[in-house]
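As structure tokens, here come the structures.
Next, two complexes with chain A in common: one pairs it with chain B, the other with chain C.
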Partner chain A sequence: MNTDIVVFGGGIAGIEAATSLHRLGYNVIIIEKETFLGGHVTLWNKLFPNNKDANEIVQQVISSLNNNITIFLATESTKIINNHNNTYTIHLNNNKIIHTKAILIATGYDVFNAKLKEEYGYGIYDNVITSDELEHILKQNKRILTKQGKEPTRIGFVHCVGSRDRKVNNIYCSKVCCVTAVKQAIEIRQKLPFSEAYCFYMDLRMYGLNFEELYNDSQEKYGVTFIRGRLSEASENIEGKIIVKVEDTLLGRPLKMTMDLLVLMVGMVPSKGTSWLIKELELNFNSGNFVSSLDEHTKSNLTNKKGVFVAGTASSPKTIDDTLADSRSAVLFIHEYLKSF
Partner chain B sequence: MTKDNKQKIWASYQKEIADDNYYYARSCIRQNFFPAAEEMFIKILRKHLNKNIHDDAKHTTCTGIGYHSSIVPLETTMTVVARQFSLMNEVGCENFICSCVTSFGLYLEVLSTWKHFPETLSKTKNYLKEATGRTFTPPKNIVHASDIIYKYRFDLLPQLKYKLINNKTQEPLNVAEHVGCHYAKIFPESGIGGAEYPHVLSGIIEAWGGKIIDYPERRHCCGFGFRQYLIKANRSYSYTHSTKKFESMQPYNVDLILTNCPGCNYFLDRWQYVAAVTENKLFGKNNQAIPVLTFEEITALLLGYDPWKIGLQMHQIPVEPLLDKIGINYSKKDKYLGTKGPELPEILKY
Partner chain C sequence: MNNNNTLSFLKKSDRTIDYDKNDRALFYYLMRVEPTVALCIACGACTATCPAGNFSSLDLHKIMLSIRRGEKVYIAKEITQCFLCGKCQLICPKNVNTRGVILQIISFLQSSQL
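Take a look at the complex of A and B:
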């Protein structure tokens, strides 16, 4: 098969770029490892800061897809050859071989493996879950229950799990966790009005439009308590409740609290697909081990290999808005490149 | 609590433990508090595991307690450590065992300092040469004594006369472990099971039939913490820390506290006595205190050694309730022989 561009990743970044490139008249192929399109966003419930249904965004993006775009679902590449004549040959695990002029990496992120923060007891203590898991519970509209089958009366949210943390070698900020914690704490308070919600944070990065308003609402309307301090450890008592130790850095005092449920706000790490493509295409890693851009200010979608572009969270953590904007930006770079042939 | 993931963590923190020919560095304080612990370790290795271990009267303190109290400068500590290694070289050993957890952490810290700051190694070599005329080579393998018992726990199992099982109910005994902070909290990769869920003692407990009690304050300091105790004005901190641990383990009906550090064993034993005397607080089942033993003492006890021959009467907390549970026969009258007749306790009598 011959094509102008192969897009790795059928998440919102990949679809948005594929749609625009097709509108510009290029032949596009999308390769997606999952059996569905939409990526992580399909697994989310409501979006910050406006409580919009995540599904709406996914459907909006997917609905723009043209039938002439070839999509391989449940497919991965096994080998990519740089032919050094401005083309790449891509071998797929469905035995198909594609010759393309350009590649767009939109393989996104994986959620940080919270088991690596051993001191928080994820995977060991029954009532420690991740923000990702809470989002799935909320999406399925299931009851929020502890492992013991009771509605939790006190829920803690731990910010920056796997982000801004030298211990796990992830120094970068994942950008979405602070505001997600605020959003989820509000949802918890709405679903369980008798409960108490506590956010343990280092500092709150409410940089986006309406983020600060959401944060204010969480305190004023929903009574969410914010404690500035990083969790030092979590442990389980005989009732299966989670005891957390924190230093309240505003009061300058250590704090010990008992939680029914502890939610770890897991950050973003490069997806396995992203890491594989970096190695296979001999691209550069950036400081967070994502795809390194040629210039983070002016050539953010270009890589060190001619004809290879990057969009979305494959290059760094991003919100949905930033991901879609980055995809459109990548389209312009690709268009300029393909025009030169 | 899910144990499978704990086992995965344990599996990811394993280390090399040499098979034989060890140089043994004793603890400064241990022989005064629990005199048979180190003697039993040597006996277990020689008699029960058929290993070669060199017990050297020439070695000194590692300076750990002085170092952590800012009394001994690092350069002095490194030179003293270098001398210990030189003594090890002298007898042809390459594998170093520390009896003390503070020492273990300190040796690792010194080795790590030499590795990352090679100029400190050169200086130390010079200081040692000038002071003693000696040279040295660092050990090929350095472990804590509890690592050895952990490594050979299944080899010792067939030799055990008793298990950590209640003789009457046949239920596993509830054993709370306390691993010394300096065992893995400074260098997690050097501790069996890592720093958060160390396996070095829990592995021994499990292998010998006991049930591990994962109490919330398991990771908390025993109460020694050097300055908490060594500075007299701070001693209430020491007591508070120990009590915090006891209160945390109280709901679990703990039958035994097992430790691998000289200071931890001492403080968890002695402060329980103080809590009983000053506040009338007891933290075990049926309003009893909880016996606190070292890993060597429990090994010796289960191997069938007489509790009074291995110095268990030196513990402030009586061990008889534990002996009764395990089903170990002992002579009440032999406990406090004394040189001038029996010296009987006035409090926590059994």
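Take a look at the complex of A and C:
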């Protein structure tokens, strides 16, 4: 098979780029390892900061796909050969071989494995869950219950789990967890009006449009309490509740409290596909082990290999808005490259 | 006697805020009558501008945090040092009605003592 461009990853970044490239007249092939398109966003419920349905975004992006774009679902690449004449040969695990002029990496991120932060007790105590799991519960519209089957009355959110943490070699900020915690705390207070929600943070990074407004709402309308301090440890009592120990750094005193449910705000790490492509195509890693751009300001979608481009969270943690903008910017870089091919 | 002196630190009270035991009725009362209390981010501008704070231990941002933690004894002790000049309200970036909060604290404490 011959094509102009192969897009790795059928998440919102990959689809957005593929449809735009197709509209510019190029032949596009999408390779997706899962059996569905849309990636992580399909598994989410409501989005920050305006409570928009995640499904709406996915549908909007997918609706511009058409039959002329070839999509391989449940397919992974096994080998990529750089032909050194600016073309690449891609071997797939369904025994197909594709010759292409350009490659777009849109393989995104995986959520951080919270078991690596043993002191928070994920995988050890039943009532410690991740923000990802809470989002799936909200998406399926299930009741929020503790493992003992009761409605939680006190829920804690731990920020920066696996982000800004040299102990797990992730020095970067994952950018979306702060505001996700605020959003999920509000959702919990709406679903369980008699509950209390607490956020344990190092810094609150409310940088985006309407993020600060959401944060103000969470405090004024929903009474969410923010405590500055990083948990030293979480432990379980005989009833299966979680006891957290933290320094209240604004008061300068240690604080101890019992939680019914503890939610760990897990950050982003490069996905398996992203890491594999970096090695296979001999690209450079950036400081967070994502794909390194040729220049982070002016050539953000280019890599050190000619004909290999990057879009979305494969190069760094991003919000949905930033991901879509990044995809459209990658399309322009690819268009310029293929035009002078 | 000597032994008593060397071990005297053991007699000091625990510094830990025991959140489960503290009574946060004051916070819930204020959320009802003066919800801007929840907006405080403990930036400390009120403390820095407070004229009473220059001559006493009054520290409004610590009082604001203590409201949420339910540290009532500390609040009752400290709040009497405020003379309601309102400078804290002028400087507050979150527009917390600090004078309103302080007046409500005083009225809550007076009624709960009755």
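Definition applied: the second predicted complex is superposed on the first by the 341 of 341 C-alpha atoms of A that agree within 3 Å, B and C clash if a C-alpha of one lies under 4 Å from a C-alpha of the other, contacts with A are read in each partner's own complex, and residues count from 1 in each chain.
Quick note on the criterion: a residue touches a chain if its C-beta (ideal position, glycine included) is under 8 Å from a C-beta of that chain, and two chains touch if they have at least 3 such contacts.
The structure presented is a predicted model; accordingly, all values stated were derived computationally and were not measured.
K.L.:
Which partner does A:E236 reach: the first (chain B), the second (chain C), both, or neither?
P.N.:
Touch partner of A:E236: chain B, not chain C.
K.L.:
A:L43 contacts which: chain B (first), chain C (second), both, neither?
P.N.:
After superposition on chain A, A:L43 lies in contact with neither partner.
K.L.:
On the A-aligned overlay, A:L145 touches which partner chain: chain B = first, chain C = second, or both, or neither?
P.N.:
A:L145: touches no partner chain.
K.L.:
Contacts for A:P254 in the overlay, against chain B (first) and chain C (second): which applies, first, second, both or neither?
P.N.:
Second partner only.
K.L.:
In the superposed arrangement, does A:I69 touch chain B (first), chain C (second), both or neither?
P.N.:
Neither chain B nor chain C is touched by A:I69.
K.L.:
Within the complex, which stretch of chain B touches chain A?
P.N.:
Against chain A, the touching part of chain B is residues 1-2, 5-6, 8-9, 194-197, 214, 216-219, 251-252.
K.L.:
Quick check: in the complex, which residue numbers of chain A touch chain C?
P.N.:
For this pair, the touching residues of chain A are 216, 219-221, 223, 225-226, 228, 248, 250-251, 253-258.
K.L.:
With touch defined as at the start, can you tell me which chain C residues reach chain A in the complex?
P.N.:
Interface residues on chain C, with respect to chain A: 15-20, 31, 35-36, 38-39, 41-42, 61-62, 65-66, 68-69, 94.
K.L.:
Quick one: in the complex, what on chain A touches chain B?
P.N.:
Touching chain B from chain A are residues 115, 118-119, 123-126, 233, 235-238, 240, 243.
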